[in-house]
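Just so it is clear, A, B, C and D label the chains in written order, and each chain counts residues from 1 on its own.
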Amino acid sequence: MPVTRPVLSPPFNVVRVSHVDFTVTDLEASRAFYVDCLGLIVTDEAADKVYLRAIEERNHHSLILRRAEAPGVRAAGFKVASEDDLDRAAFWFDSQGLRAEFVERDHQGRTLRAIDPVGMPIEFYFRMESVPSMLQKYSAYRGARIQRIDHVNCFTPDVQASHDFYRDIGFRVTEYTETEDPDPKLWAIWMHRKGNVHDLAFTNGRGPRLHHIGMWTATPMDILHICDVLATSGYLKSMERGPGRHGISNAFFLYLRDPDGHRLELFTSDYLTADPDHEPIRWTLRDPQRQTLWGHPAPKSWFEEGSFFDGTEVLEPVLEAQPIVAR
Amino acid sequence: MPVTRPVLSPPFNVVRVSHVDFTVTDLEASRAFYVDCLGLIVTDEAADKVYLRAIEERNHHSLILRRAEAPGVRAAGFKVASEDDLDRAAFWFDSQGLRAEFVERDHQGRTLRAIDPVGMPIEFYFRMESVPSMLQKYSAYRGARIQRIDHVNCFTPDVQASHDFYRDIGFRVTEYTETEDPDPKLWAIWMHRKGNVHDLAFTNGRGPRLHHIGMWTATPMDILHICDVLATSGYLKSMERGPGRHGISNAFFLYLRDPDGHRLELFTSDYLTADPDHEPIRWTLRDPQRQTLWGHPAPKSWFEEGSFFDGTEVLEPVLEAQPIVAR
Amino acid sequence: MPVTRPVLSPPFNVVRVSHVDFTVTDLEASRAFYVDCLGLIVTDEAADKVYLRAIEERNHHSLILRRAEAPGVRAAGFKVASEDDLDRAAFWFDSQGLRAEFVERDHQGRTLRAIDPVGMPIEFYFRMESVPSMLQKYSAYRGARIQRIDHVNCFTPDVQASHDFYRDIGFRVTEYTETEDPDPKLWAIWMHRKGNVHDLAFTNGRGPRLHHIGMWTATPMDILHICDVLATSGYLKSMERGPGRHGISNAFFLYLRDPDGHRLELFTSDYLTADPDHEPIRWTLRDPQRQTLWGHPAPKSWFEEGSFFDGTEVLEPVLEAQPIVAR
Amino acid sequence: MPVTRPVLSPPFNVVRVSHVDFTVTDLEASRAFYVDCLGLIVTDEAADKVYLRAIEERNHHSLILRRAEAPGVRAAGFKVASEDDLDRAAFWFDSQGLRAEFVERDHQGRTLRAIDPVGMPIEFYFRMESVPSMLQKYSAYRGARIQRIDHVNCFTPDVQASHDFYRDIGFRVTEYTETEDPDPKLWAIWMHRKGNVHDLAFTNGRGPRLHHIGMWTATPMDILHICDVLATSGYLKSMERGPGRHGISNAFFLYLRDPDGHRLELFTSDYLTADPDHEPIRWTLRDPQRQTLWGHPAPKSWFEEGSFFDGTEVLEPVLEAQPIVAR
């Protein structure tokens, strides 16, 4: 039984996933994609970087684009519940023999950068500059009307190890996929802190790599509209998968690739998971409806490609089983 | 039985209502309302006028705004099926002893301006400059994403006279309201040429005056969104009535007043009426659900106020019965 | 220039496509699909047949299911504007040397059954029993909330011949696909009578065969919901293609196969084509967005399979070019 | 400054509001309203009571209807994070001199019934029987497609006292309304545990009384559809207010009255409030858009009427200021 009960008193209190920091090779092209087409809001920008947020967000940024020689991901960022939680986190990483150090990040308070057991860089902070929510500035709604960042999904070479680590710091499982061995192995896992399906998900594969960041929209109509916009304004090839309905999470989804290939999921239709005794849903690797309730296969790229974390070694996965792609 | 069978072979062939020509006192304010807020597309503009069209329209204009000392309506414009139909129309008006003359209108071919029996000015043309449809230019969708002009609704001092006139030129009744006398009188009427609920509607009242022009959107979501935009960008007082559902026509509606008080209906949810033996639906004046299926009363202004046609005398209505406003 | 101007004075007046008459091998299974799952309304039924209509329809039937040994299509049914039009139609078919005869059809008035030049059976009538519209009986809305029949799409062995025939009886072209020869040939064509994109469409292929009947829903949300219902109630394999957006017609679509393989399109997002000088839109066979604006390929079955008309010989197509399937 | 910082370590851990227990005078009429019309799912029923839940819910019940001589509310029910929290809660109520006792509730584990400082009965439990979520049983979606219970809104005679009490047990303020005195007083308050706008809200008025329970739907389309259903199936008078958009909470809402007058809000369009430093939004009593962004006044009944808690004395409010009703 690879999925175990949540930890009731985690060593420090993570509130939610908060932001991702991308390096991009053509900042103008990336800005055109995220701002002019998708409608994210520019909080701040300089010659070599742009800070973006979504409609309801009061945080200074949920997505950072920084110009660089090669595309990459600096880290997935998490908000903790207090300054003290940063110190407790630092203590805990140290006690586990894991690297963690305080770093400087613009527009944020103290930020702890750590490396998880499979090598994935994660950053924790409590304070970030606050900016106005645009939720009731309806005339500023553009493109996909993205409302907030929701989750980060990663390839990991060892789903069980990733699960165990994040379970230990308080993440709770909502859904998971197992192989169909007599001795089933964890293939993929969805874990949350904020009370919906996930803040963080992991799939078996060469990793650690970022599979995608998930952004929430209010209704499927927003997603259908952005499909029409993308398809008729030069972004047809950015549409990698969808729209469709996942069996897992029940999300109505659309997967996009930005100009550097970073993957973005626009989705809606989540559910509440706040109850501590909320039972995880188990799926098997051979169930085609876990991928797409409506039966559409995902393209090969969706299973294989991902973004590299800066300076992070990519390992082969411990499991070799492959998802059943065909309908 | 005041509503009679449609005329099978009308004297000339009207295709549909096509455009309305408003005079406005503050052209910049009107442009801000219709273009910046509602999202209509500017086909052409000059210092003293703006030509607008909606997303799917290939006609040069469905709404003209012209700067003037006082707000008014020059005419409701109708497209006929051919140049010959204009000559047939001219002959027919003459034969009926009604005024009609060919006038010059920019961006249109020959245009016949006529005065109907209650004094309302109407204009007919066959050719108009063609411009590209924006239907699949999705990145140009703005505001309410208005798709096309649908109808014109007017106060008339004599609904029966208006009905008889437009029936004789081929308009067909889809729904109507009668008083509840032992000898019921026509109170309001919806008539079409293009195969949906209406191109033209009339209500008993001081007239002729324009009650509103109706513009079609693809879904109720577009109307809910523009409510949010209007309410949070300085146009709260422009929202006169709705959103709601009419019993008559089944339209999901929102009524707006432009900066000069001209009334605009945004609506969706029509039905097909192409069958020649399509039976009109009869409503009585006392049925509150004919006005609003959901029971909300309309404000007094909605029953009383309208736009004046230029140089047109307004007459008192022949019927005195009042609609029941309260729920 | 294979697409020519519409005929202004057709020999008889067709109002619209009205209904289709299917034979099915398992009436209970078909009824479960169309009524229990999709939500069509049963007007009348007997041991061996079911008459169905959609929400807004006042006609007795827009779809007939009749039990038979083998699946088939008796005819596509069209409403004409008057009883006289039936006689004019009979005279016209006779003058063209085409077979036509008056037949008995339950719940309909006089019905003329004719065979078009490629062998496709079509039936014309003016009178059909009238039943209440359910448009404002909202508690009866079920499944996909299908509102009305919209069109019939067929394979024809000779698109040019089919076009010429239906143009001559007054159908007007809205969109068409041509091959990319120096001397381009008509590959597919969309024609209407009622003022939207089509009543009747033809694609090059072994035929005549029925490709699909198209049913209109009010919003894309109805189509997304029925995807969820189909996928989770045993009808996953009925979902052949979509949801997606066609380039041609701009329809948001979903294609289904009923238990006998008859194909049904649920769609929304049409546009108005009532103007006699409405210019057809030309697409080329190699433009992948004509098929699916969002780039999804259609499955092979969608290009190849169709329903047979009863007692009708199927001919090889005159053109051999194949549509480009891959994205 | 009447709104103060949240308590970081509350005396016991409330997860969320979970259910409400109504007494009704005509159980059949209530069942018809909630089940046949609104589409709630019957988990269990007996001659004198019905247990209901919404689509995604795995809890045995979120609404209980019990037959009685008079309409009333037994309690608002809250889930706590563990069995231990129940003991901590019992200890805490005792330490505050507030009444609390363990009671028997069918289908639930140990349940602590307590009385808050203004006399409102509240119940806490950790364990409830688990039943299948219907989230992916789409063919069971009916009526308003209500997805889950979201909040409870109450009149209190002393908003400041209610705020202080629930703040002390860990509820956090997201939005609040103050009077416009030089020394402003709390007029209304929205407080949450689960990370969205509220689990519990209070408004100044004769109380304690229940103002309404709030139920979440996935999109505004579900709410528009149920308006149409209610208005055309005998429930027109059940529609008390809306649909509309609240300024406070940004909810798209519809308020209903059940056959006994218990008030139900159907709503959607919430936002995330999980961050511990999430700043509450302040509104003033004179701002009409806090009530309805679109400017529609609420009816008098909405401000004055509410459900009585069984055996609970109703007190006059400490503040006399009245909300500005007119637009």
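Observations
We adopt the following convention: contacts are C-beta pairs under 8 Å (C-beta built on N, C-alpha and C of every residue); 3 or more make two chains touch, one makes a residue touch a chain.
Since the structure is predicted, the reported quantities are computational estimates derived from the model, not experimental observations.
The minimal number of chain-to-chain contact steps leading from chain B to chain D is 1. Relative to the C-alpha centre of chain B, the farthest chain centre belongs to A.
Centre to centre, using the average C-alpha position, chain A and chain C are separated by 44 Å.
Taking each chain's centre as the mean of its C-alpha atoms, chain A lies 32 Å from chain D. Chain C and chain D have centres, each the mean of its CA atoms, that are 50 Å apart.
Multi-chain contact residues, meaning those touching two or more other chains, occur in chain A at positions 136, 219-221, 228, 231-232, 293.
Listed in rising order, the residues of chain B touching chain D in the complex are 220-221, 224, 227-228, 230-232, 236-237, 239, 243, 245, 252, 289, 293-296. Listing the residues of chain C that touch chain D in their complex gives 37, 136-139, 141, 219, 221, 225, 228-229, 231-233. Remark: chain D residues 8, 15-16, 56, 58-59, 79, 81-82, 126-127, 130, 133, 135-136, 147-148, 194-195, 218-221, 247, 250, 268-269, 271-272, 274-279, 293 touch chain A in the complex.
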